[in-house]
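Below, chain A partners chain B and then partners chain C, in two separate complexes.
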Partner chain A sequence: MKNVNSNMVPLDGLGIIPERDAGTPPILDIRHLCVDFGGLRAVDDFTLLIGKTEIAGLIGPNGAGKTTVFNLLTNVYKPTEGHILLNGQDTRGKSMHQLNQLGIARTFQNIRLFSGMTVEDNVKVGMSHGYSDSVLSAMLRLPSWWRTERRQHIRALELLDLFNLADKANTLAGNLPYGDQRRLEIVRALASEPKLLLLDEPAAGMNPSETQGLMENIRMLRDEFNIAIMLIEHDMSLVMGICEGIAVLNYGKIIAKGTPKEIQSNPVVIEAYLGEEAVK
Partner chain B sequence: MKHYRQIPFFLRYIINAAVLVGFLLLGNGILSSGVMNRAQSSVVLQIGIYVLLAVSLNVATGYLGQLPLGHAGFMAIGAYTAALIWKALPGKSPAVIVLGLIAGGLLSAVFGILIGVPALRLKGDYLAIVTLGFGEIIRVLIINLPGITGGTPGLMSIPKHSSFLVVYITVIVSCVLIHTLMKSRHGRAILAIRENEIAAEASGVNTTFYKVLAFTVSAFFAGVAGGLYAGYTGILTPGNFTFMTSINILVMVVLGGLGSMAGSIIAASILTALPLALQSFNKYRMVIYALLLIVVMIFKPSGLLGRYDFSLSRILEKIINGQLFKKSQKAGEEHA
Partner chain C sequence: MLFLSQCINGLQLGSIYALVALGYSMVYGIIRLLNFAHGDVIMIGAYIALLTIGAGVNPALAVVLTILGCVFISVLIERVAYRPLRSAPRISLLITAIGISLLLQNLAQLLFSANTRPYPGAAIIPTKALRLGALSLSLSTIVTILVSVGAMTALHLLIQKTRIGKAMRAVSEDTGAAQLMGIDINKVISVTFAIGAALAGMGSVLFCCRYPIVNPNIGSMLGLKAFVAAVLGGIGSIPGAVVGGFAIGFAEVLVTALGFSAWTDAVVFVILIVVLLFKPAGLLGRGVAEKV
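For the complex of A and B:
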């Protein structure tokens, strides 16, 4: 757990990142992001920095626009204003799979596995770049096909092993228990070797002990792969337990940014969650 | 747990090849011995052609999960291309035959790309309508280009190249190529699009490319099957390639099970042979055909085999491990 509890330091007056990442440019640099759905401004002036190995949290009441932010980051929606720099590169106009190649991978709030395919094949689909065997060499089973298949098989089992799913490699993904499905989605996202992993409510529907296990998994991922992780979560024990920087969203606007400690004692946050009376 | 013994890859290939050659010799022996009358042996050829049509449509329908209704159009392109090449190049050499089939497939694949790029932006019913329109356009074009295609009366005296040997080898080679494609990272990308397009795209799969690829492969082999058809009938008329032909092929795929190659093969064989077998009660033929479809769709809506794919090696492995009658842990898996 070499990275835990690094101090948060300000960067360019725009946000805070972990001290250990201060020497490197932030992995994600979001400036003044806005999106309108018809007359509704779903996300308003969203500015956030995420350090290279930071675990960042995005929280807020239901309907605050958290998933919309994820969808903007992965270009499911086009921002009305503002821009996103991923590792210094503007993501505007890139398709979803190009963004994946640039180093962004995500999971979904409502699980989206390839349920009719095996667990192993789900992970292999995630390994979508870095292989060069052509369609023709696959049809004719040329040596490059054999190499790719062997590499993907070994890598898939390694990744599954991290989450103790290797012995279920041949099960259909749709037949996995719920918690395993959530974790398989993370493995699939990891397979594309992302620099930034977006987890949309990874602990949803998990019991406390599963959540505890997931927390350790997430920390392990960051330490093992040296990546940044941004997560949306309602489970406060998870968010406060592992996130270094937290942004709180309400009605599409960031109402607070800071460390878990600062967020917990921020009256504006408490008001957004519990109502005005709670603050008094 | 005891180690599950597996058959090495090269041995699997040898076993599969031996079985396929065995079938070839058996089929050839039966046909040349004269046990079957002419009508029956021609049904054998028809089965081969429809098997390839169903298997090729299964790529776009079963594996990719789209619903194109213009398969007869691709078949027509392949058929006319092969026929014109064969008419221009005399002789029965294998090179000429292969050239005709491949040229038919390639031209059909080119149309697959041309149609696929715009049409695959659409989904479901809309794609069905566009491809249906494409199939009809091809048919109308054939009618209105009498200088090349012979127009409505059709193209006559095409060399009859589709012997049992040619049909059998072409169908087997095509099925093997489609199978090996599906067992690669490209095939998995195609299946992933069927399973969940957004997740596939977010996982880095270039969905546009793989949709067009699957559509093009489907068109290519439909074109090859068209070539076989031309060499089997000897006469091509636009009436052979109507909307009903597309529907017939689709029925075979759905009946066999979307996404199951073995299912497509079995259903295409049954539905091609059935009308002949039922000739003695001709009046009720279509009734029985329709009843069969209704019964299957009620009791097995996923088709005869669902997504199951037959694998000889897997069955052999179960036998050597003494687990043939145990319920497979890998049920539903698509290894073959």
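For the complex of A and C:
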């Protein structure tokens, strides 16, 4: 756990990133992001920095716009205003698969595995870029096809093994127990070799011991792959346990940013979660 | 013996329907579009073979040109007509497909006239009969069955074993998630149309060798019947399209053998109505639970 408890330092007056990432530009630089759905401003003036190896949390009451932020980051929605720099590159106008190739991958709040495909094939779908494949070479079983095939197979099993799923490689994804499906979504996202991994409620529906295991897994991913991870989560033990920087969203606006300690004692946050009465 | 030869007859007709039905089902599986122009691509293919062989091109080369021509036209239609409507309501796409179908038929009428012309089937597959004991089989029957089974096996391998096949399965299960995992959906859709059209091109040659006439309307009835086959098997399902194709082929042959040849088309559409009433997901289709 070499990276834990790094101090957070300010950067350009826009936000904070872990001290160890201070020498490198942030992986994600979001400035004044807004999106309107009809007359409703779902995300308003969202500005956030995420360090290159940071574990960041995005929390807030239900309907605050957290998943909408993820959808903006992955270009499922187009922002009305503002811009997003991923690893220094503007993501505007990129298609979803191009963004994936630029280094962003995600999981979904409501699991969206390819349930009719095997566990291994789900992971291989995530590897689709970086391996060129002509129909001809596959039909003729050319040596290049076999080489790629074997490389993908080995890599898929390695990744599955990180989450103890390797022995289920040939099971249909739809037949996995719920917790395994959540973990498989993370493995599938990892397969595209992201620099930034977005996890949308990874602990949803998990019991406390599974959540504990997941926390260790997330830390391990960051240390092993040296990537940034941004997660949406309602389980506060997980968020406060592993996140270094936390942003709190309410009605589409960031109402607080800071370290877990700062967030926990922030009266504005407590008010958003528990109502005005609780603060008094 | 009559029964056996009728079975083989059904196998021949069924494999043609299956080839065409695969194109409907694959495209539906990927972009939820009933591509009603699919049958008319077959008609264009028939004219390509007719004209090239008429111009003295080697028949084998003409078959290749037919298949390539079908692929070209299908991919072009997708690019020009369907792609701009990707995010439009499904009904707009469906109406566009019907429009393209009418466009192709009228274009063919304009270019080649509405006259029915003989198809040079004999130049492609010689009319020869092979005797197996008391059983007499035409060469075209054997070629049709072998080519179809070969093409379907190749398709199965492509979808199950190749990376583009994996991408196709992923897109058909969840387009959004597939894109977010880095799959270029435009490429997958183009490849799907190309494969469907290549099968249709083969279907065109084999169908016209069985019924050697060409006019601008030959594609519409074949297309509709293959569509019924795809629905019967479960639209979107690849094995379903094959099963449905053979079922429709056998049904037609059976009706003819019983002496009601004038009723074959009616029987096919009665099957469609029955399927839609009692098993709308088809024989092998995935039932979609209604969201409440």
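Here is the rule we use: the second predicted complex is superposed on the first by the 280 of 280 C-alpha atoms of A that agree within 3 Å, B and C clash if a C-alpha of one lies under 4 Å from a C-alpha of the other, contacts with A are read in each partner's own complex, and residues count from 1 in each chain.
Rule of thumb we're sticking to: a residue touches a chain if its C-beta (ideal position, glycine included) is under 8 Å from a C-beta of that chain, and two chains touch if they have at least 3 such contacts.
This structure is a prediction, so every number in the text was calculated from the model and none was measured.
Trainee: With chain A superposed, do chain B and chain C clash or fit?
Mentor: Chain B/chain C on chain A - steric clash.
Trainee: Touching A:125, do we find chain B (first), chain C (second), both, or neither?
Mentor: both
Trainee: Which partner chains sit in contact with A:150 here, chain B, chain C, both or neither? Use first/second/both/neither.
Mentor: neither
Trainee: With both complexes superposed on chain A, which partner does A:172 reach: first (chain B), second (chain C), both or neither?
Mentor: first
Trainee: Is A:32 contacted by the first partner chain B, the second partner chain C, both or neither?
Mentor: A:32 sits against neither chain B nor chain C.
Trainee: Could you figure out whether chain B or chain C reaches more residues of chain A?
Mentor: Of chain B and chain C, more residues of chain A lie in contact with B.
Trainee: Given the touch rule stated above, what does A:261 touch, chain B (first), chain C (second), both, or neither?
Mentor: neither
Trainee: If we overlay the two complexes on their shared chain A, which of chain B and chain C does A:83 touch? Say first, second, both or neither.
Mentor: Neither chain B nor chain C is touched by A:83.
Trainee: Given the touch rule stated above, what does A:188 touch, chain B (first), chain C (second), both, or neither?
Mentor: A:188: touches chain B and chain C.
Trainee: Considering only the touch criterion stated at the top, classify A:92 as touching first (chain B), second (chain C), both, or neither.
Mentor: neither
Trainee: Shared contact residues on chain A for chain B and chain C?
Mentor: On chain A, the overlap between the chain B and chain C contacts is residues 74, 76, 95-97, 100-101, 105-106, 108, 112-117, 121, 124-126, 128-129, 131, 133, 135, 138-139, 148, 188-189, 191-192.
Trainee: Can you list the residues on chain A that touch chain B in the complex?
Mentor: 74, 76, 95-97, 100-101, 105-106, 108, 112-118, 121, 124-129, 131, 133, 135, 138-141, 145, 148-149, 152, 170, 172, 188-189, 191-192
Trainee: Mind listing the chain A positions that touch chain C in their complex?
Mentor: Chain A reaches chain C through residues 74, 76, 95-97, 100-101, 105-106, 108, 112-117, 121, 124-126, 128-129, 131, 133, 135, 138-139, 148, 188-189, 191-192.
Trainee: Where on chain C does chain A make contact in their complex?
Mentor: Per the touch definition, chain C meets chain A at residues 154, 157-158, 161-167, 169-170, 173-174, 176-185, 191.
Trainee: Would you tell me which residues of chain B are touching chain A in their complex?
Mentor: 177, 180-181, 183-189, 191-192, 194-196, 198-207, 213, 259, 307, 329-330, 332-334
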